[in-house]
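Both of the next two complexes hold chain A, though its partner changes from chain B to chain C.
Take a look at the complex of A and B:
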């Protein structure tokens, strides 16, 4: 309640400030406001347009679908967000998701499934598999973080390398036994249920359980970013690495841990994707990082470094999914979709940078 | 001729010099502030015109209006009688108006001559789009020879100390054959010797008929070098006076609008037992070698020396952010190692770095985040940080450092240099240090804020803390410190008592191994 009043007070104060300005300044303030929120404005217009063209876009099932998709893509963006706060990036994310999805699927196939990759294997307990894939993801993150922090390599180069390495590992993994590179399916019910089972129903539309997991992860990352020493250190390193070092921040471990957490997030995403897609191949996870990076930038996690909010990432992922689903509703050509995605990233980055440009 | 008549005659002579640049009734407003309110500035050919005022008085804004960085709201600018209105600094340069910036904007990964000729690289031949390294080298060498600058044009910028980079910047401005050259705090990173060199260059330019606008906080310099002084306060023109006959007190009075009776606060600290003992300290990657000294509780120990004499390296090696080759540190009788910054902080050390912008502030973060970064461990409840504790710590900083800020959430980059410095000092005091290593604590800070920083330093010493303070400003060392170590060529050249030494003695020691 008091927060609401405070916010209202701030708003009216800003309005007063605005009224006090001269004509030219007023115009500039409005232009600034429009530009700084251009991404949101474009998206709101898009939603209205799509909803008018295809009313089903705003039906319960469609909205639940968008939320589910958001939940599925969220953890990976939460991971990459940290790397972006450090002015870095992580393009190994998609392949990490692919590897961990394949591992999860391989370890959790039905015992009586004919094309089992490990025919002798009983169905493993879910939590052990979850821990294994988190460990695999974190291990890739550790390699990324170590090379970035120790040798001061640019994260782009490091993760470009690990992306290739991980891809190779996926292909090798899929050749195990008599699998010969085939898609992994026939998953055990306990696994699919744990991930895709119904959390609750809205108007008869089932909300899958992984939405809950995404919420938990988001809350956890919010705590890590805002309420821990590590989080504060991360923002400091992203803002001014040298000053952070002199201030007693352990820059090396801060960078390493950011990437390890990111890797763990990819592992969790992989675990969820394995069951969600239900047939994992070498192409699972391909280009997931581009969506995640785009979502972060749309949500205000800037490549300038040192800025960004978890809420921004959530909004970014959500808005991006709205656009993708909406374009599907409009039956836009799949190939054109890539063009539009690329343009969204470009525009979002340009608008973001505009905020940080020193105005002269 | 009587003395008075002589003066009048002098003034008349000055008046006879042609006016180069005239800025009339310049106005500029930013949302909420009137940054410039009908400011006048007239620079004559063959003179040095000092522009003075506290930070925020509008000096920089006035210059930015001249160079077209800001568009002025009102007023007129004339260059040699013709009205001008530069749209950017390139246009200004082409018309013979150059500026040596206080904050060096250089391509650090490129070499000296690349920086000198950036934007106007000489071509191999007319119409051939290939730049000529040879011409560039020759032209750079010529300018350097003329200005007696001893730098190889092919040196990479980042390998040179700040002072030499500053000299390159000055050479660049000269190389444009400018009529008007603005120097913005040119000596803030120069040693006394280099300042002399700079003054020789300025005198040379003056004799050639250039008009020099000289912005500085240093009174002694102003009184030495300038012919006329214009003083600004709160965006207004206050006075333009002949530099002859002006006194420091008079200038300060005009700048501050009140009288500052003392430049240095009274000393209240009492010196106790030896706290820190440094023995045979040598650095692995710099020329710092075999430095031994001790510092006592409650003592303010100054470190003097030329730029590059190892002053900063000394502090960095003590604090463990530079790699030591050898040396023993003893704190309160116990050997300590200070392996890295965290270890040092744990041992009660704090390091205020020399370049505030580069290694001090997190410009994009707010005051609270900047103040608490080194003491986050103390602001925890369980594994999480407590906002209440963070706020309390920051409040303490703002109160005890007297930081002027609208809120804790204000981004640090929007504060003045003095207030930024106070935030960083507060950051270190939150770690409850016993030994404070301060590297140029008052660099780029105006007179009033400097006094406050001195008060804080003396107050800390009075509370029994040991302060080791590096400074290029000798009067500051003499006014604030108890004892002064003098560095020269990476070695300790000597140690003097601040109460009974002179600037000459320190200079002589500073040149010992240089």
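Take a look at the complex of A and C:
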């Protein structure tokens, strides 16, 4: 009750503050408000427009589909977000997802599947495989983080190198035994059920389990970013490394851990992706990082460093999926997808910098 | 000091690598357009085996989907003293890339065997020591279309889920601007329609009447299963049996995309081997697709014979090296003029 009154009080105070302003100031305040929430406004306009054109866009099954697609692309973006907060980036992410997806698929093929890559291998317990791929992802992250932190190399260069190394490893991995670079498929039911199985049904539409995993990961990352000392250190290092160092933050380990967490996220993404698409080849994961990075910057995780919110990343991923699904529903020429995506990234970054410059 | 160390390391590394090659004869250089391609990988491993068994010194190069990279690899290999080039050219959009490679090889009098990705007759004929081993790439689309048509005529009422007398389909295209993808996308439907019309059935209908392209393409151009999964999930969120507009047929340019679509269908309760199955067709007959077809989760695919291609290439390669007639030992039916060998496709439906 008292909270409601307080909120009302704050709102009316703001309103009065607004009324007290002169004409020019009023206009500026409104423009600022519009700009600062531009992404939300774009999403709402897009949804309304698409829904008017194709009402089925807001049907239960369509909404579930958009949420599932968002969930599938979320973990990798959550990982990359940390690297961007540190003014860096991580372009090894996609290949890392590819490698971990191939490993997951290889270890979890059906025992009686004719083209098993490891014919002698029984189906392994899921949690062991999950731990293995998280470890593999984290190991790549460790390499990334170590070289960035120790040698002060730009993350672009470091992750470019690991991207290539990991791709090489994928190609070698797929050549093991008699596999000859073939697509890995024939996954054990325990695995596909764990990822794609039905969590619950809304209106008879099945919501896949990986939606739940994405929610858990988002909550986990929110806690890490907002409620831990490490999270605070990460933002401190991102906004000013030297200042953070002087004030006693261990810059080296902060950077390393950011990349290790990112790597672990790619491992989990790979584990989910392997079962979701059910056939893993050397192409799996290719360029996934570009969408993830785009989602982060759309969501306000700035390359300036030190700013960004988990909610922003979720919004960014969500917006990209709205565009993908929306253009499909509208039967728009798909080449336009590139144009629209590019424009949105540009606008989002421009708005972002506008905020940053204003603060300065 | 650092520079010195780096130089020494680099030199040691290069020597280490060449030491593995260890054959005084010039190498046979094999250029693949992309190591990541599933079908090309099976050609590669078949060819590797033949070369190894014959004790020939060969070296594989990965163009990684980039013509510049590949052309640089070719010049390097020629400078190194390669005695034969086997090229899976990256750029099929124009003749320039292939012609350039031919010219480079001609200068050094080194034979060139192009394979798999199509090269124009004019390019191949411009050099007497040049041949092309490929497939009549349009055939895959024709055969896929015919297979689909036949299947539909036999199972029409079963496939026509909403009983409106028409079959609605979706087509997954692997890549824009690729001759094979274009042909498969076109003939996969056209030839199926031909068979249907002959049997007195109506033509196929694209599931989304407003889509004038009549296909969905992998935006990244990778013929990837993930693109097909995402599309299929999105389709299934709007089209279903309950809405009486379910997509009744899935045609994909390759097996990876077919498998991706099946993954999405399985999420919606179809194609699990028992119960309802939406017929899915692909091309390549990868090991994974073969299993799917055997388990009844997919209907059919068109086989590109990787082993046949590898053995034709290596036979011609050996002929060049031994100074024999170019097409010695190649099945006569498959030879086209003096410039090309076609490896036939075959239909695979698990029988």
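Throughout what follows, the second predicted complex is superposed on the first by the 345 of 360 C-alpha atoms of A that agree within 3 Å, B and C clash if a C-alpha of one lies under 4 Å from a C-alpha of the other, contacts with A are read in each partner's own complex, and residues count from 1 in each chain.
In this section, a residue touches a chain if its C-beta (ideal position, glycine included) is under 8 Å from a C-beta of that chain, and two chains touch if they have at least 3 such contacts.
Worth saying up front: this structure is predicted, and the values here are computed from it rather than measured.
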Will chain C clash with chain B on chain A after the two structures are superposed, or do they fit? fit
At the CA centre of chain A, how far apart in angle are the CA centres of chain B and chain C, to the nearest 10 degrees? 130
Let me test your reading of the model: by the given contact rule, A:279 touches which partner, first (chain B), second (chain C), both or neither? second
Which one hits more chain A residues, chain B or chain C? C
Is A:123 touching anything from chain B or chain C once the two structures are fitted on A? First, second, both or neither. neither
One more residue to check, A:67. First (chain B), second (chain C), both or neither? neither
By the touch definition at the top of the document, which applies to A:211: first (chain B), second (chain C), both, or neither? neither
So, A:287: does it touch chain B (first), chain C (second), both, or neither? second
Kindly classify A:174 by the partners it touches after superposition: chain B alone (first), chain C alone (second), both, or neither? second
Can A:324 be said to touch chain B (first), chain C (second), both, or neither? second
Closest CA approach of chain B to chain C after superposing, in angstrom, is 21
Chain A residues where the chain B and chain C footprints coincide none
Chain A contacts chain C in the complex at 56, 59, 61-62, 64-66, 68-69, 113-115, 167, 170-171, 174-175, 180-186, 192, 196, 204, 206, 208, 273, 276-279, 281-284, 286-287, 324-325, 328-331, 333-334, 337-338
Which residues of chain B touch chain A once you look at their complex with the stated criterion? 31, 69-70, 319, 321, 341-342, 344-345, 351, 353, 358-365, 369, 372-374, 376-377, 380, 383-385, 427, 431
Mind pulling up the chain A residues that touch chain B in the complex? 17, 21, 25, 223, 226-229, 231-233, 235-236, 239-240, 242-250, 304-307, 360
How about chain C: which of its residues touch chain A in the complex? 35-38, 40-42, 44-46, 208, 210-213, 216-217, 219-220, 222-226, 229-231, 233-238, 240, 242, 255-256, 259-260, 262-263, 266-269, 286-288, 290-292, 294
